[in-house]
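One chain, subunit A, appears in both complexes that follow, with subunit B as partner in the first and subunit C in the second.
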Partner chain A sequence: MDVIKELKGELGEKVLTEPEDIYAYVTDASNVLRQVPLAVVRAYSTEDVSKVLRIANETSTPVVVRGGGTSLTGASVPVKGGILLDVTPMDGIEVNVDDGWVMAEAGATVAKVDQECRKYGYFFPPDPASSRYATIGAALAENAGGLRGAKYGVMKNWVLSLEVVIPGGEVLRIGKPLYKWRWGPDLISLFIGSEGTLGVITKAWLRIYPLPEKVVRILGLFNSLEDAGRAIFEIRRSGILPTMLELLDDESVNIVREQSGLDIPETEAMIIVDVDGPKEAVWRLANQVTEIIGRNGGKAEASDDPEEMKRLYAVRQGIYAAVTRTYKGVLIEDVVFPVSKLVEALREIKKIKEKYGLPMPTFGHAGDGNLHPNICYDPDDPEQVKKAEEMFREVALLAIRMGGSLSGEHGIGLTKKELLVEELKSVNSLGYLKLVKEIKRVLDPKGIMNPGKLYP
Partner chain B sequence: MDVIKELKGELGEKVLTEPEDIYAYVTDASNVLRQVPLAVVRAYSTEDVSKVLRIANETSTPVVVRGGGTSLTGASVPVKGGILLDVTPMDGIEVNVDDGWVMAEAGATVAKVDQECRKYGYFFPPDPASSRYATIGAALAENAGGLRGAKYGVMKNWVLSLEVVIPGGEVLRIGKPLYKWRWGPDLISLFIGSEGTLGVITKAWLRIYPLPEKVVRILGLFNSLEDAGRAIFEIRRSGILPTMLELLDDESVNIVREQSGLDIPETEAMIIVDVDGPKEAVWRLANQVTEIIGRNGGKAEASDDPEEMKRLYAVRQGIYAAVTRTYKGVLIEDVVFPVSKLVEALREIKKIKEKYGLPMPTFGHAGDGNLHPNICYDPDDPEQVKKAEEMFREVALLAIRMGGSLSGEHGIGLTKKELLVEELKSVNSLGYLKLVKEIKRVLDPKGIMNPGKLYP
Partner chain C sequence: MVVPPVVLMASENTEREGDVLGLGPKERVRWAKGLDLPRGPVNGTIFYAGEVYPIMGYAEGAFRMMSRLKLDLNSMAKVAPLFKKLGIYRVVARASWSSLNSRYEKALKDAVYVLKKLDVKFGYLYEDEPPSGIALHTYGLLEDFKRYASEVAAKFRELGVSKIITLDPIAATAFKHYYPVFTEFNVKVEHFVQVVARRMAETGAKASLRRKVRVTYHDPCYLARVMGVVDEVRYVLSRLDGVELIEPERHGVNTGCSGDGGLELTQPELARKVSYERVKELAETGASLTLTSCPACIMMLRVGFDDLSIKMDVLDLASLVAEAFRNRLEFEGPQEVSFKEYKVLPDTLRWDLSNLGERLREYTDLCKKCGFCNAVCPTAQALDRLESRSARGRMTLINALVRGEPLSSEKVLDRLYSCVLCGSCSQTCPVGLHVQEIIVYGRAYAIMTGRV
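Showing the complex of A and B:
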């Protein structure tokens, strides 16, 4: 059976095989590996996805699902060739304000889903920095987080119901778009974090949240990174529950300043804090935050001016792009620490940086304990490549040793498979991996779904 | 191999076999079936649970886990005999405010966990009406909900990490007590809603939430049940996001009044609404609620007096007990409707009540669309028994037909296995059941875990 002939017979012009058509699909934002797929299928419907998974299963052809291609771990690189399933044409969105949900097809971007909800006075809280490109299906498959996680959590906290296509082409519906439903085991989270290795999420019904009446954004500047860490811990501990609680170190701030031309002051560490809530209360809460910043040696400025707030947000959202424009090689970490150990973690990360001598701008969702040290190197210098890889491993092992995790939101993909084993060992959880592999065999006995990823 | 001898060899006096010791375990709050187990094991540690699951697996002996025995669907009745595993001695609780979680062993009650958190200015939001007896392990296995669900959701929304023992005795750790962690598929929710059919939850690390600065409780009285339904929908739709949004019909109110001796006014329908948040804002939000109640023909009274608030809460929390004291036979529904269809649902439920002529006090978490019609009958009258069973089925099918669900929080257990199939058919989800059964075979190939429950 000729896979391409079969695909074209069922899906016609949705199947792309010409080199110029498929070249854009050889890698993703991770840029760690490049591989040309056998064919790209642009899916327009659940039925299209079902056809692809039937043909792929019959012919034992690998299938890699791709949304916006923003993975930083290589999750959407077709490392074993096969079919690259592009779900971006499936981008329908339906808001049901009366019942408090939004239905999004896999290819709708996270930002578009949020925008649609805002037309009705609601919003969709998870907000990955790549939200303008990242798609709902992929954000769920990766359990993405983002800038509003300190208060609103990650993707998995917002799912009411899923439609999933599994190998063979069967369409599975899990749950209903209700505030509550109880079947048996809640299989939803089986697909959350599965990185396309178990099936294809085609539709999701997601909870939405009323827009806060007011937001105040606070900029905090510190002469010491550790002071900033202490302030973050105190803010988190105070019970204020900020929406956003971001940290940028000096290197990060300098890079954004150079790249953006924005007028950003010199500083050792910057934090950006959002406080939201009922209009009468937000300024008082914001003042509590500025007080905590002051108590920890920082200088704070709070604002509810939309332009000023947008400017600050752009600083944070644009930083990874600025780093990759500055350095040819970047390995981005996604480590998590218990918030109570944030100060110690920042100290240890600095030691690692000094030991290796490579630039490592560090920023992230520190309010969640989630940091993104960016290890920057020259990919044409073998010695720097080696150093960078060692640094990457050392930072991840530090997180594991301190009771944290190697990933908060970017996932495992290609780049963290071996490190995942280290983390599982640290909590005696190799049984988790065994069980996940057995469940994978139930759903995908031929191993066609995103082979080479996730499972060491 | 003699199971009891083996158990006593490993667990000594934790194994109970004398009739007077095990009689309390023959049924649970559902009271639909009674069965004497072969033995009761009182587990004091994860190791104890592991020993039981090793011996049970080796001897193919059924294992039924039991917490407080508050299941309303028969989930903890040992219908096939075997080992009744009582986890209530495992009741350790550890609050870590700095990192925002509480660790609870399976047998700790939900109320105790909440109380411990309150010592530190935090609380544990899920609040089943049975929280003084319901245990954490069981509340997770059932994905319990409760009175604060309108704002804070159900058990599954609060889990960071689980420790689970699976058949054969292996201890599995899933995740870490961090705001974020990303391994592969997030297997946590596999055990949420599994009703003890896949393994035993022994420990859970749960997110905690800062105590609201202020709560105002509003009582709304209506001359018409449908008006109350309309008010509930409008409150929910307003974006106020009340913590609690409960409905009681006239029959429910009358029963509580008679049983409690409390001074509760005559009314066709009562709603109880909690609004929480920062101190400056709560009264304004409460006033918005009273306005909505007034606009829909109701009479509202708001209070922040702790005694008055406690009194109202007791009315709602005590109602199911009052119903079971009033009627010998009670079948409790747990149906969910889309909130936008609540008024229609209340009208249709009333029609069913009139058709059958049995008492059916109806109350519930209407803000979530979750209602508990209580079908009351005389168990010694075969005609009433038959009628009650038909009514039960008709109400559940109504919910399914209206896009709702047969259960919001009580689960499937013994009493809803056939109805679950109807619901799955209604959304073309029989594939869900097939997959769940295949995963069950992976974890529990001998089918020892809570046999006879959940899976039709």
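Showing the complex of A and C:
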């Protein structure tokens, strides 16, 4: 059976095969591996997705689902060729304020979902930095998080119900858009973080949250990374629960200063804290944060004025641009540490940097222990490439050793498959992998879904 | 040849007659009849009409007729070499000419009227006015553009032109940003609204309309994003009594594209789709009149409003200012105002055409595939985020082409021609890549190395 003929017969012009179209899908934001798919299918509905998974299953053709293609781990690169299933045209959104949810089709961007909710005085809290182009389906498949994670958690905390299509084309509903329902074991979680290896998420019903009355932003500058780490720990312990708690090391701050020309004071570490809540209470919390910063040797500045808040956030806002403008090659690490061990972790990360001698500006969502050391290198220098890869591995192993994890939000994809085994070993749980693979076999007996990813 | 027949035609017409329709200089100076503008520069200064305003009525007529008859320019040009010889557009344009041109001609007349009222001194070159040849740049015929630009530069020198005031932001961009890259060029260029705002501030000019009108303003990409001219427009409108300005969601340097940028000629159906997003946004302001400052934007907005059956008039800013000036104009004395020159795009790329491949490889290799550009790319949005016709996708395709992947230059060029050159991508790219200009150079590369 000729796959392309079958696909075209069922889906007509939604099937792209011209090299000048399909070549555009060769890679994702990991931007290392390139592979041209056999064909790209642009899905406009669940029915389209179902047709593709039926034909692919019948012909044992690999299928890689793709949303915005902003994965940083190679998760959406069609490494085995096959069909690239582009779900971005499926982008319907429906907000139901009365019942407290938003329904989003797979291809709707995370930012658009949030925007729609805001029209009704609500918002959708998970906010990956890529939210303007990253899609809901993929954010669920990657269990994405964001800046507001310190208080509001990650994607999985917001799902009420899913519609998924599994290999063979069957359409399943998991749960209902209710805040409570019981159907036995929770299969929603099975698809969270599955990275397109089990099936295609076509629709999601997600919880929404009332917009906070007021937000105050606090900027803290420290003379040492350790002081900053202690302040973070203390803020967390005080029971304040900030919306956002970001940390940037000196190298990050310096890079932004150099690139942007902004007037940013010299500092060893910077933290940016947002607290939100009712008007009457929020400044009390902000003052508490300011005190903690002072107690730990830092200098604090706070504001609730939108323009000022923007200014306080400028360094964090500019960091990705500054790093990518300064260095040609960047490997973005995504490790997690127990918050109680952040100070020690930061010290160890610095040692790794000194050992290899490559720049590694480190910043991240310290409020939930999630750090992004950015390993910078010259991709045209084989020695630096090798060093960068070793650093990448060493940082991940450090996290594992310290009771943390190799990935907080970017996922496993291609780049962290082997490291996942190390993490499982560290908790004596290779059986986990075995079980997951068995589950995969049940859902996807022919192994068509995103082959080569996630499972070592 | 890998360029599509319409582009071939547009460029041949531009080279031969000075405008994409091939109407020629006689047609292009008609608007100035009876105005008694001094021939030649005055103190080195000219009012420059350019090759777009004077032919826009024909273009709009042709655009509407072609789509009404479901005619495809490319295939017509292919099967009718004779038509092509005659300049197919010219034929269609003439046949479909109606009162449409008066709107565009009037904008030029109104601009001249306003400038005179503000005591600005200038002359006009009539048939001697050299067209900017911007179409050659737009379509990536950069070798031709380079030659053409140096001829124009020489002509300005010969005629003693040292300053240009123009209503056409496309020509202004050409002279200000592209000419200096391709040739010796030191003529000063200002857009009409810059001159008007400055003179109004110097004199405290204040005017009022006879009517009260709620307007919205569509910032043209070339004027706002590329030239950084935003404040001037707001100031001028604030000095017109009877005008209430309601900004659309995307405005100023963050404006949205109305679907021109050359796309209206190469891929008119896509151009239309792009315009829909924009006209909906403009209609949402509740205004009854849309103002703008670009002839191609006027046409695409008019088409878009009509297609969606939205009742909305579209007028050149110059025409509303003239209307107010004609009604009542007073001078209150110097005003304290300053206009910011916004810079939101990376510096113009100054690339040598002899090693385009290397440059393109180097720059497209820097693309991180983050997709930020796609989030603001109007053609990506209009095509449900089709990657090959999105900003990021075009970067990927250019990279593949220069790497020597087995792609057809002609078909890659088709993807590159689907871009409206709005510059939103360049404004957004965290790496600071001037995606929009890279696409123009990509077009040039595809043409110069053409594999079919």
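By definition in this document, the second predicted complex is superposed on the first by the 442 of 456 C-alpha atoms of A that agree within 3 Å, B and C clash if a C-alpha of one lies under 4 Å from a C-alpha of the other, contacts with A are read in each partner's own complex, and residues count from 1 in each chain.
Operating definition for what follows: contacts are C-beta pairs under 8 Å (C-beta built on N, C-alpha and C of every residue); 3 or more make two chains touch, one makes a residue touch a chain.
Just so it is clear, the model here is predicted, and its values are computed rather than measured.
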* Return first, second, both or neither, reflecting whether A:Arg237 touches subunit B, subunit C, both chains, or no partner chain. => first
- [ ] May I ask you to decide whether A:Ile412 touches subunit B, subunit C, both, or neither, giving the answer as first, second, both or neither?
- [x] first
* When the two structures are overlaid on chain A, which partner does A:Asp2 contact: first (subunit B), second (subunit C), both, or neither? -> neither
Subunit A contact check, subunit B vs subunit C, more residues touched by chain B
With the two structures laid over each other on chain A, which partner does A:Val336 touch: subunit B (first), subunit C (second), both, or neither? first
- Task: Scan A:Glu354 for contacts with subunit B and subunit C and give back first, second, both or neither.
- Result: neither
Could you look at A:Tyr432 and tell me whether it touches subunit B, subunit C, both or neither (first, second, both, neither)? first
Touching partner for A:Ala321 - first (subunit B), second (subunit C), both, neither: second
Message = Under the stated touch criterion, which partner chain does A:Tyr25 make contact with: subunit B (first), subunit C (second), both, or neither?
response = second
Note: in the complex, subunit B contacts subunit A through residues 96-100, 121-122, 142-143, 145, 149-150, 153-154, 156-157, 166, 170-174, 176-195, 197-198, 209-211, 233, 236-237, 239-241, 277-281, 284-285, 334, 336, 338-340, 365, 368-370, 403-405, 407-412, 420, 423-424, 427-429, 431-433, 435-436, 438-439, 442-443, 454-455
Listed in rising order, the residues of subunit A that touch subunit C in the complex are 16, 18-29, 31, 40, 42, 44, 68-70, 86, 88-89, 91, 107, 109, 111, 130, 132-134, 320-321, 324-325, 328, 330
Subunit C residues touching subunit A in their complex are 365-372, 374-375, 384-388, 390, 392-393, 396-397, 400, 405-408, 411-412, 414-415, 430-432
